[in-house]
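A, B, C and D are the chain letters, set down in written order, and residue numbers restart from 1 in every chain.
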Amino acid sequence: MAIIVDKNTATIVQGVTGTNAALHTKFMLKYGTKIVGGVTPGKGGQHVEDVPVYDTVRDCIDENPEATVTSIWVPPRFAKDAILEAIDTGMKSIVVITERIPIHDMLYARQAAKERGVMIIGGNTPGVISPGKALIGMLPKIAFQSGRIGTVARSGAVTYYIANSLNLAGLGESTSVGLGGDPILGTNFEDVLRLFEKDSETDAVVMAGEIGGVYEELAAPYIGEMSKPVVAYITGKAAPQGKRLGHAGAIVEGNMGTAASKIKALKDNGALIAETLSEIPVLLKEALGSVIG
Amino acid sequence: MRLYEYEAKRVFARYGLPVLPGVVIDSQGYQQLDKVTYPVVIKGQAFVGGRGKSGLVQFANSRDEAQEKIASVLGKCHGGHAIERVLVEPRVNIERELYLSVIVDRLQHRFLLMTSRRGGVDIEEVASSEPEELLKYHLNIGADMHAFMARKTASGLGLSGPLLNAGTAVILGLYRLFVGYDCKVAEINPLAVTDDGRLLVLDAKVDLDEDAMFRHPVLKDMGITARHEVGELTDREKVAKKAGIPYVDLDGDIGVFPGGAGFGIAAIDLIQHYGGKPANFMDSGGAPTQEKLRAMLGLLLDNPRVKAIFGARFGGISRCDDWAKAVVQYVVENKPLKPMVMRMAGNMEEQGRKIIEQAKNEHPELFRKIKVYAYDMPIEEVIKETIRAAKAEK
Amino acid sequence: MRLYEYEAKRVFARYGLPVLPGVVIDSQGYQQLDKVTYPVVIKGQAFVGGRGKSGLVQFANSRDEAQEKIASVLGKCHGGHAIERVLVEPRVNIERELYLSVIVDRLQHRFLLMTSRRGGVDIEEVASSEPEELLKYHLNIGADMHAFMARKTASGLGLSGPLLNAGTAVILGLYRLFVGYDCKVAEINPLAVTDDGRLLVLDAKVDLDEDAMFRHPVLKDMGITARHEVGELTDREKVAKKAGIPYVDLDGDIGVFPGGAGFGIAAIDLIQHYGGKPANFMDSGGAPTQEKLRAMLGLLLDNPRVKAIFGARFGGISRCDDWAKAVVQYVVENKPLKPMVMRMAGNMEEQGRKIIEQAKNEHPELFRKIKVYAYDMPIEEVIKETIRAAKAEK
Amino acid sequence: MAIIVDKNTATIVQGVTGTNAALHTKFMLKYGTKIVGGVTPGKGGQHVEDVPVYDTVRDCIDENPEATVTSIWVPPRFAKDAILEAIDTGMKSIVVITERIPIHDMLYARQAAKERGVMIIGGNTPGVISPGKALIGMLPKIAFQSGRIGTVARSGAVTYYIANSLNLAGLGESTSVGLGGDPILGTNFEDVLRLFEKDSETDAVVMAGEIGGVYEELAAPYIGEMSKPVVAYITGKAAPQGKRLGHAGAIVEGNMGTAASKIKALKDNGALIAETLSEIPVLLKEALGSVIG
């Protein structure tokens, strides 16, 4: 068992007839992902790469009740509705590729998902890949090799370079998860760490965070409870500081959000801090010792 | 996306919030000063706080005095920005100052109404020095704020009698505005109780979600459109902004052409880590057009401080062949002689490599200092080589 | 409060629902006929259904023909109402007719969206003869209708391709209108699919909550204000309506002056039960002014069919003394000689009794046939005595 | 124990400074009702008949935590908010005197009350009286005598005449409840019948319905389950029939709403049908036999 998607996970693609979605549907199919249907309202009856297109998720699920994971590729103004539709039809995980979703929309969809116990990944995620098994999203397959390291990152490109760095060192991934780049995310580091902790095919986890936001700090206490080693790579140490603007949000978020605050919180809870990409596999090997063959 | 005070107040007025009848004056002339009642307050319009200390807030008792003071404020520089407009409002006598805001709480993923009897000061200071003076009420997303909730809050601010109902209306209006216009922050500081028993919004802050502007044509009608965030721009940043390229000048000598913003941040860290100095931050990710890619290279190579270019492309959504074409065309047309050390991997990598090889064969001289590595070269080795190349150029 | 079709369609247009560009013509003239494209449909505006069978729906291919047909429709009588206006719309070619409505479900206390592929006919008949053809979706009060829900419904109506998205928009618009204007019913029957692939609202019904009109000034701006419900009014009913008195003429000889509407209904039952015949239904409850009370008595006593009056007042919110004053003043001024058998109890009963006693002493002749009983006289005995009095008058 | 209000029930009055509310606050106090406070926003600190006025229900409850029942006298446009405020502060029963509340508002408030298990009586109710103990609303005290019959009616005046008829026959009421005249009601016949069934001070129930609406029919099945006799008095048998207007609401409500349909449903479930007011005490005495002294 990988996390979120596996060889046998049946998935659907919402917004499948868009140029980008259609292209990556082709790539996903090639990779072996089991796509049972696509959805674009008003285009029911068409096909994309032999994948049947439906008008509604309900129609798609009625004919393919085995589907449990969906990816969302619709334009941002329709993303909230597409997510709510996926929740309504009983999807378990929703991978939101769409970027720049209005903040209030994403908050609404996120709340609806939490109430129903549904996992949203993203928005603005490059996707999720369980190498050699299945790919949902637009991660470049070349970067990923099958293995026993779980990775989770905010930035898509950083995900690729970490995988690259692991692979060059002879390591591979169980699953690689992009949290997404939008300001409001459905899933945060802690959620994914919990999945990896329970996953029998994962021995250790790499989490890659960056300056801004609070999700790294919020995940830190859970790292202290984990049995598996966590290597953290935080970028933005040298980033130019924006001018300090007094704003009400800072009252809530306090001093979180700098690279230093994130690194401190993670380190204090037992995460191993990698300064560079190439340090990541080194730290992993040290932590796992002889476990890795 | 922050609004100027005068813009925020126009938005407030649409929701019936009690703002003063003010006029906005810029360098075009002072005719509007006939419309206000004196004495007045003159407030330079700027995003950055601390306007009072910088002399951007002035008082005037007559039209002549106002004109003189406005002239002194216009053109002042504050937080890196020239003051282009002032807001002129009637002066009122304040008895008490309150604080009110609604924000997106990114920790709880809910909306948060905050109120304080300590208005008119920096609320972050109140939050840290007198936390009991800052009251917080969370609201679920999509939940209605009923009048009784607002009234309870207004009562908690010490408002009573007719001011209780006025305060209730202000809180309801602020929340409706926050929801109605997709705000990240909607703030009143101070909300003043005047000596003649009125409740007035003296300063207003609104921070909008740029990604939701498409559904608020009325804001566009008011002249409020997407804009660059605060801060003084360098000439190159202005060029980049015009071209729609996220770009920040730094003071090093290595031009960074990194792909997406996430790795852009990482690349800067890594360059510093290995002893180099980045000349910029840039987001060259997503799937930019070839024209835009060439504009990005131009931004870096035209910078005299730049000694070498670090480039990286991991083709996910974007294609390596498009990227290679843009690089080749730029080099052929502009003949830069600076070293460029790059790496290209992912989507359409093979096709991209052929384009580079062909160009190298056709223009060996132009490509002498240009290297494009593949998937099997660790990115940090590429960075180290760029740093060495930059040092060699000195 | 029902709207005419043309009013409903104007409201629909505000919510972007696809109505045809029509013109409304009344007896003032036909100039507007220049604005429409022919052929046209001419529809007499009436609340009562069955317009087709009554010749209120006509077709015309030219302006001249339209003018002639409109003249034939205007002034026709339908369901007790003269037709005062026609709506003239371009004629379209219909391929399919659908049904859509949103109503208040008073059993479940929720909103109810109903749809059917069997549009254009009496939907109550569809509901009873082919219940499987009427789909029902309940919505909690205050719940958002999301586009995907509307789309599922539109898909269930057999809409696909571009019509699916058009149908989704119609359903969303109808629901928003229903919520936005405090409707009891918002109905489209039929929603037509035309042979050129358009979706059009051919007939529209809206029933508004009169008690919520205060918060819809825009309806008032459109000329839509509170109005009397359907039905032909007798002359006396028209007088009552003008005076704001709920009153219905019946064909008996006992005038009923009962207090509130609830006991008014009971009183009619009881009069019939004991062999009498009520002349009217009336609501004389609440706390009417003395002037209004006297107008109520006038409505009854001026009716030549009325032989005797049954009156009752149980003072809860209203006062017996006010009621007694009004009765006395009316009798003294108008000197009616018909018998009046009444009962007065409750709030300020003592004071009321004194007023009646005093008047009886002062005007024994005028009050000879007037009796006002107290709390200890069962109301049914009062009714029986009124019936006897009416019979004695014949 | 009477139902809803008793000698010791502490109550508050929302909208207490209105002319009508102030007048009836006086009457209620005279009757012995325990009114601990009134509420009118912006008039906190004033007094009505020695009853302290507060700005919010919260303020009132903070000083008088024993209050559990409120009555609402505010103008119709403020009724929804007043009810929601009462629910929010934990009131158990809300007696809504206000009439002509917008239908959507009342539906909203009703739903909120149901979710929290709160009882709303009304809107447009004349109130609730437990004779000799307490009165909430504007029922005329002269009509009511203490006894062991529970009554519930839609019309205020019919309530008075029924009480009058009972009293003239030597019977009295445990509690008398006006359901209210607005189109949407918080409480229906069945709700009140359930309370009377459980009330140890009630031996039998009189319910008075009328033409229109569906609440009588909906209550009928429960009458079949009750141990106590129910006498039903339905008015409108002779009412002029309005012209039949085809309307969508009829689909839901079917053939309910006529006096005949109500009488049939009630009779079929064992209710005793009174044709006249004077029959009511006769039927009650027959049903209760020697129970009544």
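The rule is short, and it goes like this: contacts are C-beta pairs under 8 Å (C-beta built on N, C-alpha and C of every residue); 3 or more make two chains touch, one makes a residue touch a chain.
Just so we're clear, the structure is a prediction, and the values are computed from it rather than from any experiment.
Should one ask which of A-B and A-C has more C-beta pairs in contact, the pair is A-B. We define each chain's centre as the mean of its Cα atoms; on that basis subunit C and subunit D are separated by 27 Å. With each centre defined as the average position of its C-alpha atoms, the distance from subunit A to subunit C rounds to 59 Å. Work out the mean CA point of subunit B and of subunit C, and you get 57 Å between them.
In subunit A, there is no position where the chain touches two or more neighbouring chains simultaneously. Subunit B has residues 142 in contact with two or more other chains.
Taken pairwise by the contact criterion, the protein chains form one closed cycle in which every chain touches exactly two others.
Here, these are the chain pairs in contact: A-B, A-C, B-D, C-D. Residue ranges of subunit D in contact with subunit C, taken from their complex: 20, 76-77, 100-105, 107-108, 110-111, 126, 138-140, 142-143, 153-158, 160-161, 164-165, 168, 181, 183-184, 210-211, 213-214, 218, 235-240, 242-243, 245-253, 275-278. By the touch criterion given at the top, residues 47-49, 79-80, 101, 103-107, 109-112, 114, 122-124, 127, 134, 140-142, 179, 182, 184-185, 187, 205, 207, 209, 211-212, 214-215, 229-231, 248, 250, 258-263, 265-266, 268-273, 278, 281, 285, 312, 314-317, 345-347, 349, 375-376, 378-380 of subunit B touch subunit A in their complex. The touching residues of subunit D, counted against subunit B in their complex, run 41-45, 55-59, 78, 81-82, 84-85, 88. The residues of subunit C lying in touch with subunit A in their complex are 146-149, 151-152, 155, 160-162, 164-165, 168.
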